[in-house]
Structures are given as structure tokens and as C-alpha cells.
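Below, chain A partners chain B and then partners chain C, in two separate complexes.
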Partner chain A sequence: MKNNRFVAAVLIPAYLFIGLFSLFPVLYGIGISFFDYNPVNSVQPFVWLDNYLKLLEDSTFRHALVNTLVFCVVAVALNMVLSMFLARMIFAVPWRWLRVALRVAIFIPCVAPKVGTALIWKHGILDTKAGLLNQLVKLLGGSSVNWYTTTWPLFAIIIVFTLWSDIGYNTILFTAGLEGVPEELEEAADLDGAGPFRKFIKITLPLMRRTFAFVTIMTVVDYFQHFAQFRVLAPNGGMNDSAMVLTNYIYQTSFRDYDMGYASAMSTVLFLMILAVSLFQNRMLRANWDY
Partner chain B sequence: MNSKTTVLKRIGAAALAISMTAALAACGGGSTTGSTAPQDSSAPSGSTEKTKLTFWCHENEPWIKAYNNMADKFEAEHPEYEVEVVSYPMSVYSDKIQTALTSATEDCPDIVAVWGGMAPAFVETDGLSPVPDDLAAEMKEDYLEPTLGIYTKEGTFYGVPMEYNLEYGGMVVNKKLFDEAGLSYPTTWEELRTISKQVAVQDGDIVTTKGFEMIDSDALICNYLAMILQQGGQYIMEDNSVNFATDEGVTAMEEILSMVRDGECDLDNLTAGEYCFNDVYSGNGYMSSVGTWAIGEGTDGYGLTQGVDFEYVPVPQYGETMAFASETGWGIIVPKNGGNVDAAWEFVKFFSQPENLVEHNIACNQLPPRKSLLTNETYLEAMPDIAFILDIMPYGQWMGPYNTSAMRKIFNQTFINLCQDESLDVREQLEQCSAEISAQCMLSYN
Partner chain C sequence: MKRVRPIHALISIFLTVFSAVMLYPVVWMILTSFKSNAEIRVNRTGFWPEVWTLEGYRSAFEYAPIGRWFLNSVFVTVVLTLIVILTGTLIGYVFARYEFRGKKLLFLLLLATMMIPGQVTMIPRYLMVQKLHLFDTLGALIIPHLVGPFSVFLSRQFISEIPTDLFDAARIDGSGPLGVYWHVVLPNIRPAIGAMGIFSAMGTWNDYLNPLIMLNSKEWMTLPLGLVIFDTGRQQDLSATMAVAAIIIVPMIVILLIFQKYLIKGITMSGMK
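Let's turn to the complex of A and B:
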């Protein structure tokens, strides 16, 4: 009985916190999506599914949806490959001090706020007059380019920025995962004559499945919600919405057009997408073994 | 021992309960009133305590100075009030206002300066206090038509104009560059284009030294509309829809496109969200079409001297007859849920009195919104260099019942597409642009 009280005392505040700050806003947001909602108005008309039907005819939403999916697939895939590669490189370094130094160096961009670093990229790298990228183009014999009038190049630059600013976190997680793989398995493979690549593919990667699952799900969920770099580098969605993503469009609809009911309908779609992808990944990457 | 343990447990439980209560109270915000209902505390009840009014504006050095001067003047005449001027960066200003309008009384400003382009988002709600009858009557009588359009909802005014917004008619010129090149300012459109081509220096997509510039988010559409109207054309149809795909609209668009294709200017300012006048002030451009407000940016922002480093001169007329379109400019709104609505209107009435308004317009390099101020001697004496703008003001029409910020986004994208792809059909693109603007940008209330 006493034990139950203790458990309740510990859990109830936590549940209240989750309910108040996680569950309630989600449900409230879904509720708003059925209204022509503007908080400044005293009356909020109930519009049934109008906001969802409007999504079907909205070409900017379609662009944003496709761009978000492309961004997630490309950026997450590149992030996984590059961060695993970097982690393996760091893991192979024999000196501990150098491993630590490399981890810190790779992790530094993750500590800086994305808005700040995106602004530095905007003015320092992409600027048409004095940007580093145009200086490089000119050095190679080309002429200055206004990157903001481009379509896929600007989108690609945003992906590169995302990888630069984000890759350190997953590299650290993969390094920790690599350290957890038992050495004796690799030694056994050595005795069987397996090379480094074969050992990595046949032993290291399968044994890191749990780490891989965690990192993939967290990265996908995170990348669906990336906003700052799009807001800074393509505030209006770029040329003909070529760099418009759902988060930026939701922000614009909410805080430029003040159509919060419609923005909530888009948010609900984004929420359902993330939920579905997470559940699918969780099932696909489930590992029922131990070592 | 047991009783000691029980006491300790109870003390621990009490401490936990107190700390949780304190934490929850902290989450609840710092309000001490216990009520969020709007209250008018504008009349101090016999005490010496002053009523504090909060005035919100965007960050612009000379303008903030002028607002503070107005606040000081109001306080001197009305010692029972205290006005605090609070400024925010323009990039977040609209969001701040939106959030404030939904906030509790104590977090809501009493008076807010708004740009005509952002005003529809607030006017279309029921969150604003209507202009009092006496001031509304004065506005109907004495204010120029383009200054009122956006603030009018179903015959009622929900904002008071501070200025007449005109992004057409004048341009800043870099006097030093003109002197060095031995050139005089152009007086005809043909001269303007000739000089512009002559002095511009191009490098790939960008023009490092610009000739004549009008391609930024403010000036582009204003110049384009003026060019249509000056040919005797019209872009607002009888049903209030927009149509740029007329002969005049196509001719005007081709003229502007040729400026970019001839390397006189580029799309850099339009895509980066910057103003063209910065190029003139920083020595990278000769001429930039802009409203009179940019003079203050040159003197206060860049520390330049008008008449020595730069000058403000007329943009040569494009067509036969003078005509242009003007959107509603900066004005003042009073949120309904502000705590001091009546006192706020007192301040706005004080601000709008001709003798005060003219001082503000002079300090901010603005054009006066009142007809009676067009011939005001104080204004003409203080602003001799922009007197030529006052002469053309009667030829202006309201830009139309459109959200001009949304309208610009569509128009600018069409323009960039036409610049990027020469194979696109201008008339077809303008037709598409007009249809999009008519469908998406028309005001819901006007």
C-alpha cells in the first residue's frame, strides 16, 4: 500500500506534465483544425473538414509535402552514412586524446543555434556579392550566381548545411554504439580471415542494430520538423516553392496569414506522417536478441 | 523513533507540496490582477499615480526618436499619463502584434503603429477598437483616400493614418558618383535609361555597380503600376479583380525586364529582402526609386549628408500623364483588449492634430496624410527637397482592396520567373499572376 503511494507520488506529476505539455497541445491543435480559427476573433466558426479538403487543392502544400519527404529521405540517408563513416574513422584512431578532440570538433556545430549558423551561411557563404561560394565559383573561372533564384541548388545547399550542423550528434551516438560491440567477435572473425570491410558489414553493423534503430527514428522525426535553416535561407519557400517545406508553410500560414485552423490541419497531417513513419521504422528495426 | 520518522516524512511531504505549488504558480505567469478582462483604467481616481500607455513600433532610429518626442509632448500636456515607446525588429513585428492582440490586458500594448501591408490581418478580426466618432469624422473630411483604404471595414475606421505612403515619384541619387562621372541627373525616362546602361557594371548574375534600381519588394510593384497608369491603362477592373495582362501592363513589364537584361540592375535585393537604396548609400549604385522615408536612412543610418553625399530628386515620368497607385501606409491601431482604450485614443487624437502630425511627418521624412497639410508652410519650409512629391500627390489612386504583402509575393515571383526564363510569354504569365492575386489576396472585409 505504502509502495503504491510512493509510485503514485512519483508518477502522477510526470503524467500530469506529459498530459499538460505534450498530449493536451496535440489534441488542442487537432481540435483547432476543424475551425476557422483566429485567436484574435471572439467567434471561431466550426468548418468541419473544410481545412482538410482545402489541402487537396493547395499546390504550395503539395510542393511542401514532396520537398519535406525528399529532404527527409536524402538528408537522413546521407546523415546515417556520413555519421557512421565518421564514427568508424574516429573509433579506429588509436590515441584516446585524438578521438576526444575529433569528437569535440565534429560536435561543435551541433551546439550552436541553427538560426545563428544559418545566418552566417546566408551572409558569409551564400551572399551574392561577397559570399564564399561565389568567390570559389569565380576562382574556378565562373561568374557570380544569385543562389536564391535557383531551385535544386538552393535545396541542396540547405541539405549540406543541415548535415554540417547536425552530423556530430549522430556521430557521437554511433561511436558509443561501436564501443559496445564485443571485441572477441571481431577477434574470432580475424581468425576466420575476414577483412575490415567484411567485419564491418557482417559483424559491426548487425550488432549495432539497436543503436541504428534509435538514431534513425530520432533523426527522421527530427528532420521532418526542421525549420530554422529553411526559414533563414528560403523564407518564402525559394523559387516557385522549390525549397518550401511543411514546417515553413505551417509557420507562414499561422503567423503571416493568421489562418491558424488551416495551419493546424497541416500540422495534423505532419503529425500523422511522423507517427506512421516512426511506427513503421520501429517495427522494421526491432532487435530481439542480446550479446 | 517511529514518531520522529513520521514527523520528518510529514515535513518532507509538506515541503514537496509547497515546492510543487510554487512551481505551478510560476508556470501560471506573473499576473497579480487575477483577471484578464479588459479594463479601462484611463481615469486615475484622484491619486497621483500616472496611467501608463504602451506604444509599440518597429525599429527605425529616426522614427523611434519622433515617437518619443510625441510621447514627451503628450506627457507635458497631459501630466496624468506616461507613454512608454517600445520597439521591435520589423522581421518579428507582425508576429508580436498578433500575439499581443490575443494576450491578457497587462501584456497587450495600448497603441500600436502598423504598416498598411500588415494591417488587414488585424483589421479583419474583431480585436481592434473602432476610431471614435469625432476623429472618424475628421478623417472622412481631411484625409487623402489612399491613406484610409486598408483601415476601413464596413464603413468604420479601425486605424488612423500617420502618413501618405508613396513609393513612387522620387529617387535617391549618389551625388558623388554622378559628380565623379560628370553626369547630371536625368530629367526624361530615355535619359534615365541611357545613364543607367552607361554606368552599370555587371558580373554574372549580379550587377556590382547599379544604374537605376527599382527592383526590391517595395518599389517594384509601385513603379510597375505607375507605368501602367501613366500609359492610360488600368489594372483594377470594375469587379475589383486585378488584370495586369493588358497592352499597357505587358509594355510596362517588358520595359522593367529590359533593365535587368541590359545589366542595369539585378535581382539581388528582391531575393535577399533588402532595399535598393542601400546600394546608393553604400556607393554601389547611382539611382534608386524609393519613398521619402529613405532619406532618414541615409542621414541617420549611414551618417551621410543630403546635398553633399546624396540627393532626393524626381523619377522621370514614364508615360504621357502623371498617375500612380499608392497603398495605405503606416497608421495607428488601438487593441480592444488593451487596458487603457480611452486614454489610448486620447493619445492618438493628440498625435493626429495637424500641428503635431506635421512635426512627426517632418521628423520621419513622411508625406502628410491630411489634405490640409499639403500646403502647410512649416512642412514646405522644412522639406523643400521633397516638395515636388506634394505636387503629384493629387494624381494618386488607392492600390486597391488587396493585401499588398500577399500581392507582392505573387507578383515578385512572376517577375523573377520572367527574368530567369526569357522563353516565357509575358502576357500569359501576367494573366496567371492576375488570376492568383484576384483569387488569393482580395481583402475579406472591404
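Let's turn to the complex of A and C:
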């Protein structure tokens, strides 16, 4: 259909808006990263690549970068395996009402804000005196640990928290994907005498490859941006920056220290990383995977 | 119904226990919000309240403008959700049904904005909001987010699946583009609107980063930011902190229980295309 007046009336305001609040900020941010930009100062000198050179020598940035990457790889991998496994098990539950109830129960942490649930973990699970985790430690004969003064354990706990808080989302996605696998294929495999495990590896997984690839990459892009649970459980990056991630470091640098030029240089690095993942995704999803 | 094999029964039992463990923190929050701080001090590790009390909720309302935060959250969530549905369906309609030059490029541009992380636009948006004199107002949470690329994407997908006959019939009846939008598009994509609405509402209600950056005074805060401020301010008042958390989380759980069918469908739609 053609109606250029209507198209223009809708799209011109829409794209002015998108330009102003989505595209312009990206360029603006990259621009600021070349300045010693501090809103408190009256002059904002142009410093060429100084902010980027400073990144190379900043050990906190290095920790944040490495931790962000580790977080993305480990948490996403665990998320994929666990949610696929859960989805397959839920799929095997013979009663419909129980399948629905399980999906809803596993999804409940997902509908709550991560600041809220992280705060619950802070008081209910990680508390030094009475948290569930230290009760377990004591039950096993150990003595209470102040988790906030630990290095990798705190980081690991945040990963577990993250999995707990949003595994339901991918589980639901995968359950839907499993329901799309044609039953005849599974029945044919049954006749061939394939066990459930082999059936899963040989038939279900290949058929879900596309969903799997899509979900993995969306989850990676999402996990790069996680912030709230780090802010609540390791506001200053934990012991020796062991739980510092880029998002939190960018926040601190820009809104506690007001060193916005430097923070923008970090944001630009984060942006480039996410862009690389997205481009990779585009290439993968274009591949022809039909059978 | 499938034949129930022992292995399936075993899996069912395992999953039931597993989801109970997953729900533990949420249940703990609700139970703790009904304890008194005196009880928490004496018996910190107890699970079930010995005496049920509303002390925590009373204290929450006394020491923080919870009512105000709640209204702020409701206002931003409702307004933004309605606007995002309106702009998403309108722009999606244009992309699904009209031909014009540069269509592909414009659509790609829109999809690209979905990949821009919040941390990248955060500093520039903060500076822009300052310049527009929106800092520390609810407008700062609403105005930069009036167009949601995900809603446009989902609408386009659904609108292009509406049979062409319906559009032709409406046009023969003399409807203009807006008439078609109102009488054909909107009634035919209700599931998509439901999904968009739930996602947008959930995202806005739970958002922490934007309020953290854009707001300064207590009177304008939304619940998630207020909760963190409350927790830092009243560290010995655990029952009240959990009461505030419950005020944020329980409404979302209720919405999930009511709309779980829509929500699960919505997630599936967002992931399959």
C-alpha cells in the first residue's frame, strides 16, 4: 500500500525521537570520551585519546573487563545448560497442571526487580550471622564467613544469584521450543530403540539449534548489561575488585566521581563488545538451518 | 494423557522440590515482613513468624513516603506502557502495511537501537535531561522511552499476519489509515498488545538504573530506588525493609499468576522469531 502522507506523519516524529534519544546519545557519548569531561568543572578540555590510554593502565578497569567477560561466559553457559535441562524435565512431567505450576514457580523470581531480590539474598542468604548460607556452613562444621570480604566466592554467589533470578525466562522459551519438535520424530527414534538421552542429543537438540543460538546470544547481550545485583551485593566491586564489572565501574566513575569523559571511554568499549556479539549473531542467524 | 512411567513421577517429584527451593527467598521475604524486629533480634534464624504483626509495614509507611513511591511507580508504569503500546502499534502498522523508500534501512536502524546498552546512553541522556530541565522529575523516566523498538518489532510481525481481505474491506467502507488502525489493526493483534503491555510494565516497574541516575529527591523516587535508599537508611529495621520489598514484588507475582498464559505466550513469541 502507498500513502506517503500517512507514513511521513508517523515516521518523521518517531525517527526524530529515536534519533534524539537513542542514536544521538551514542555519538554524544563517543564524543565525550575524547574530553576530560566533568560536569562540575567549568572547562572541559579536549584530551584526544588520553582517556583510552588511561584505561590501559587502570587495574580496576582490567578487573572489571575480565570479570564482565567471565560473568558472561560462565553465567550464560550455566544458564543455557540448566534451563535446557529444566525445560526437558518439565516437558516430561505427565500432568499438564503440574507443568504449568512448575513453569510459573520457576518464573516467579524473574518478575521481581533484581534490586529487590538481591536485597533479599543480602539479608536472608548472605547475612554473616543468620544467613541461610552460613547456617549451611555451620551445619557442615565450618564457621561463619563474611561473604563480602571474600574474593571469588562473592563473585560466584552473584553468578548463582543471577541464575536463580532469571533462569525461568529461558526455561519457558525452551519448553515452547520442545513443544515444537514433531512427535513423529521422537516416536521413530523410540522404534529404533534410542534411549531418552540419545534421543535428546540426536534429535531434540539439532532441531532446536536455531532457538538455542538465538537465545544464547540474546542472553550474552543481556548479561553484559547486568548491574543491579552487583550494585547491591558488591557496591564497591568487592574485595580487590574481585566482583567489579564494567557496568558498575562506569556507574561509579560517572556518578560518584563525575569523571564522565573517562566513564564514556569505558562505555564505548562496552558498546563495541556488544556490537561485536550482535554482528556475530546476525551472521549466525542468517545461516540457512532448515531441514 | 501420556502413560505415567516411574521415571516421569521421579522427575515430577524432583522438580517440585527444586521449585520449592527456588521459591525459598521469596517466601522468606514475605514471612520476614510479618515478623517484629524484636523477634528477628532474638531468633534471627527462625523461618516461621512466632507472632504475625504488621509492625514492619507500619514502620515502612512511617519512615518513608511509600505511598508516594507507589503512586510514582504506578504513574510511570501506566503512562509509559500505554504510550509504548500506542507508538509501537502505529509504527509497526506502517512497517507492516505500507511501501516507501528506505523502508528496510529504517527498520534495521530501529532493530539496531535494541542492541544499544543502557550504560552507553546513560551519561549523554543524563546530560540531555539536565539541559531539558527534566532532571529529578518523572518526565525524565518517561520521555526518553516513548518508542520501544521491541513493541514495534512485535507489532509489525503480528500486523503482517492479518489477512489482507480485512484491510480491503475496511478501505472499501471508506476508512482512512487511522480508521483502519483502530477498527482492523488493534482488534486483531490483542495477544501481541497483551504481551507488549506486560513486558513494558514489568520493565518499567522493576527499573532501577534510570531512576538511580535521573532522580534525586525522595518525593519523586520510584519503588526500586526507594527500596535501596530505605535499606541503607534503616539497617536495623529488617522487617520494614522486607515489607517494602514485598510491596514491590507481590503485585508482580499477582500479575504473573493472573496473566501467566499471556506472559508465557509473549515470551515464546519474542524468542521464536
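Note that in this section the second predicted complex is superposed on the first by the 259 of 291 C-alpha atoms of A that agree within 3 Å, B and C clash if a C-alpha of one lies under 4 Å from a C-alpha of the other, contacts with A are read in each partner's own complex, and residues count from 1 in each chain.
Just so we're on the same page, a contact is a pair of C-beta atoms (placed from the backbone, for glycine too) under 8 Å apart; a residue touches a chain by one contact, two chains touch by 3 or more.
What you see is a predicted model, and the numbers here were worked out from it, not measured in a lab.
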Partner chain in contact with A:236 - chain B first, chain C second, else both or neither: first
First, second, both or neither for A:258, with chain B first and chain C second: first
Touching partner for A:117 - first (chain B), second (chain C), both, neither: second
Which superposed partner A:149 touches (first chain B, second chain C, both, neither): first
Partner chain in contact with A:39 - chain B first, chain C second, else both or neither: both
Chain B versus chain C as contact partner of A:94, first or second or both or neither: second
Touched partner set for A:4, first chain B, second chain C, both or neither: second
Of chain B and chain C, the chain that contacts the larger number of chain A residues: C
Chain B versus chain C as contact partner of A:198, first or second or both or neither: neither
Residues of chain A contacting chain B in one complex and chain C in the other: 39, 129, 255
Complex interface listing, chain A residues touching chain C: 1-4, 6-7, 10-11, 14-15, 17-18, 20-26, 28-29, 32, 39, 86, 89-90, 92-95, 98, 100, 102-109, 111-117, 119-121, 123-125, 127, 129-130, 132, 135, 164, 169, 172-173, 176-177, 196, 211, 214-215, 218, 221, 224-225, 227-228, 231-232, 246-247, 250-251, 254-255, 260, 263-264, 267-268, 270-271, 274-275, 278
Residues of chain C defined as touching chain A within the complex: 1-5, 7-9, 11-12, 14-16, 18-20, 22-26, 28-29, 32, 44-45, 87, 90-91, 93-94, 97-100, 106, 109-110, 113, 115-128, 130, 143-147, 167, 177, 202, 205-209, 212-213, 224-225, 227-228, 231, 238, 241-242, 245, 248-249, 252-253, 255-257, 260, 263-264, 267-268, 271-272
Contacting residues of chain B [partner chain A, same complex]: 20, 94-95, 98, 101-102, 121-122, 125-127, 203-206, 208, 266-268, 271-273, 405-406, 409, 413, 416-417, 419-420
Chain A - residues contacting chain B, complex: 13, 38-43, 128-129, 142-146, 148-149, 235-236, 239-240, 255-258
